[in-house]
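The data blocks that follow each hold one structure.
Two complexes follow with chain A in common, the first pairing it with chain B and the second with chain C.
On to the complex of A and B.
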């Protein structure tokens, strides 16, 4: 914000915006060009990056914009994944139907849980989100006939699309993921700059003032929870296609924590921060796992280092550095 | 009849193991308002180190002391070096301690490998005893006695000693406690270290019953959360009651609805949080 005070701050701001636009376009171009190299492994990793970026972005909507932490966000991701998997195994192969049902199922669960979540704050908020997610996890883990218990649901097939290109191959499927990724990030950009998104930020910063100004604070937070749940469910369906398998671990607290660290590492409350965080964590996982078996140790160290040295995320670090320079 | 008595005793012994394992979590939250997600890792550290030491020295007493001391040393270092530099907010603290849990868990996997291990039980507790007409393992009775003893000791410490008064003061109002000359940071270090040691003791006591495996740290953490949530975060009496509720519900749940043991465990926790967020014994905020 300091930069705006200086004469010429407007120019600098404009320069930053155009730099961000350039970087985003460059990243999209690289992602779009990846299938030319044609390596199935690289495509798989890139698709996983985008799926987790959407998962992290959905958490960011409640955590970063509305200011509500969660230790159970993976419940929506997992319910979306299971929904797509069950539909696929039942022979419903349309991608729009699978995606829509996954999003709806997760959003409906969020609509059910939100009244309980909205009452809590602080440590109790973390606990209630964890508890609700664990209940669903316990069902997924126990109900062998429906969810396959700890064996999960193998044999999930990639959906059929009405898109003009064939998505049964690796490259075609990858472009479907890329398209959904680009659309949903663009939707996040629009949503967070809309009056609704700005009101959420206002609620995060000072809930009582927003209530005094006449905003229906509770309803806004409720809608944010449902939207975030639905978006996580859509990402979950994409994970089910990508992996061809769904198991109870995608509902687990480990996945919820992974989404948290992606958001925090990148920068909560920014649209691109969680995307950067998710890309970095997934890339790091693949690089480190190729070098050593100690990935969990490195991941743990990432949590510790991010909390200590980058509490506002990489986007926050970059902003501070840019302000310092100007 | 003997089926129910057996289940009751088994449930109570599991309950006391849960109490020993989770009391530290309640204590730490009560004084420091920190949700310590690394709590289960201290349990695992205690169990792993004790099993290794028992193998080297052949002495269970040395093994237990070594396991507890290691966990306390790690806990002390974490509190002094990392936690004291973390903003006093729930989310950063939760992420930091979750990261520590991942690191300690992976370190244990690295050193001791992925094979589940159990700790030998002392010879004088290895046989069964006859209680009211049923045959019951003597070690499990020992766990019940130990749990009750530790609960009594902690109650005495908190209610009747100077340190306990300071702990209660810091838990009620840290700022005023500082004002009357209580060294709250040092008290916090002490409580965190003792909490880590209690978790390690849980790991050692549980060593002969459930042992330790890859992922124990997360299992124990989740169980401890259920216990302290049902009782009320930060209340020792609450954890005692919470442990008994969870121990009995879990044992009965496993006996009657084996497939839904996890559901019967977490559903009461969600229910309590929904109806009475501060737990059975927590004070309303």
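On to the complex of A and C.
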């Protein structure tokens, strides 16, 4: 009988879930079919979309699930990118090694920063994350021998993979990105539905109550920071391969803000929201930059419109519409 | 057995002693109601016992262990549960998710990342049992923020009970409820097994006297009276401070 109680109202939910599954499969099918057209430019844009979707998703883990804002999340993205680039330039070409080291380096940095970040909340949280990121940006910008300063590190090569297909060509490399993208989004789906994920949402919703229930709130937030940092680092390595170049801009506040806008536009605290947000923003960037130099202005306007008309993001908007209709 | 000992407790905010050298103990299984006018230090006392606030001086012992410096989580592990005066819930979680979150707080799998919450049958069953007991089962799949106020107050109790506390602190559990809802909550609290010790802050005198084995009356952070409900009702000092406002 208890099972029946919970099944109440389940029909509509099931219909929504099937609709989401269909859309996800359709998007994956389109992404998988893209190389058939063979246009290198389109493949590049699609790969960039997926890289930024992972970057935004990693921010979403702390912002949308654990409820901690950040204006410095690009620091992990950039450190991952630099790590992959340095390894590549040093002749370490293994794909797993580059990806793993990029993730570890970024996660280690997050583990170092997290104790400082966890002390702050509200506006101070934004300031401390911004300040920490700016320090690392300053190092990347200033240390010419190691990071190439504002010239960055050109000549990053795509890694060797142990995959059964060749990734030196555009299509092969694109499939590698698609595979990583699909795996990591699937991992996010699993994580956010786990006991750990539910506890993060609980902390976002009511931190004091979580503490009163006996949850070690600080430890959860710490783990979330480290996981998010590591995931951003992995995305950063993918960016380095995709661009063949790493510069200090990928550590910059502009990148942090872009990720923030992607998460908010798509819908914070949902798995697919940041993916949708990243896809839209990257697509918009490619269209707009052909028309005007003022991309940052367009990005800002997008942000203002999203917060005014879709404060819970596009996913939130869609949910409200679906609710209204039923 | 003694559930709780409060020993020469002092809480000072700035120059003000909100709790001023307060000592008392609570027997296991007792139903203790704490009375007192606004500002008497009742909620502050709860915050010190649960660890949200650290005392200026004095000690708190929970089931014989000194918890004065213990973390909130440690106290919960030792069997402490509480409700809040203003319902503090998880607005965007469903009722069932909230209950599962509360049950899972004491489970070893609370850090697991690779398995779905709903696959933990034991946690889920216990959460559904609690919802059933508090008449919330039909609302299991509804977001907490969409529930009526009375239902939210009941979720507050479900969250506090999920980990089977041995000492339960209830901060005005019936605040803002209708007479009918209050009666239901009183009945539920009366039915709780005696292995749960209950301390209750309550302004509603009738409700308090229905539940109490013993009543403490606080004023200005000090103990004004300590006795069974009948003697407290007839204590002239208490009548003056506490019931006086009604008569005047």
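Going forward, the second predicted complex is superposed on the first by the 314 of 326 C-alpha atoms of A that agree within 3 Å, B and C clash if a C-alpha of one lies under 4 Å from a C-alpha of the other, contacts with A are read in each partner's own complex, and residues count from 1 in each chain.
Here, a contact is a pair of C-beta atoms (placed from the backbone, for glycine too) under 8 Å apart; a residue touches a chain by one contact, two chains touch by 3 or more.
Owing to the predicted nature of the structure, the values given are computational and were not obtained by experimental measurement.
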| item | value |
| --- | --- |
| Touched partner set for A:264, first chain B, second chain C, both or neither | first |
| Which of chain B and chain C A:154 touches, first, second, both or neither | neither |
| Touching partner for A:131 - first (chain B), second (chain C), both, neither | first |
| Which superposed partner A:143 touches (first chain B, second chain C, both, neither) | first |
| Of chain C and chain B, partner touching more chain A residues | B |
| Which superposed partner A:169 touches (first chain B, second chain C, both, neither) | neither |
| First, second, both or neither for A:116, with chain B first and chain C second | first |
| Touched partner set for A:304, first chain B, second chain C, both or neither | first |
| Contact footprint of chain B on chain A as seen in their complex | 69, 71, 116, 119-120, 122-128, 130-132, 134-135, 137-139, 141-144, 149, 253-254, 257, 260-261, 264, 293-294, 296-297, 299-304, 306-308, 311 |
| Chain A residues touching chain C - in the complex, by the definition given at the top | 2, 5-6, 8-10, 13, 190-191, 193-199, 201-202, 205-206, 208-216, 223 |
| Residue ranges of chain B in contact with chain A within the complex | 29, 33, 35, 82, 85-87, 90-92, 94-96, 98-107, 109-110, 218, 222, 225-226, 229, 233, 259-267, 269-270, 273-274, 277-278 |
| Chain A contact footprint on chain C (complex, rising order) | 50, 52, 72-73, 76-77, 82, 84, 88-93, 96-97, 100-102, 104-107, 109-118, 120, 125, 128, 132, 137-138, 140-141, 159, 162-163 |
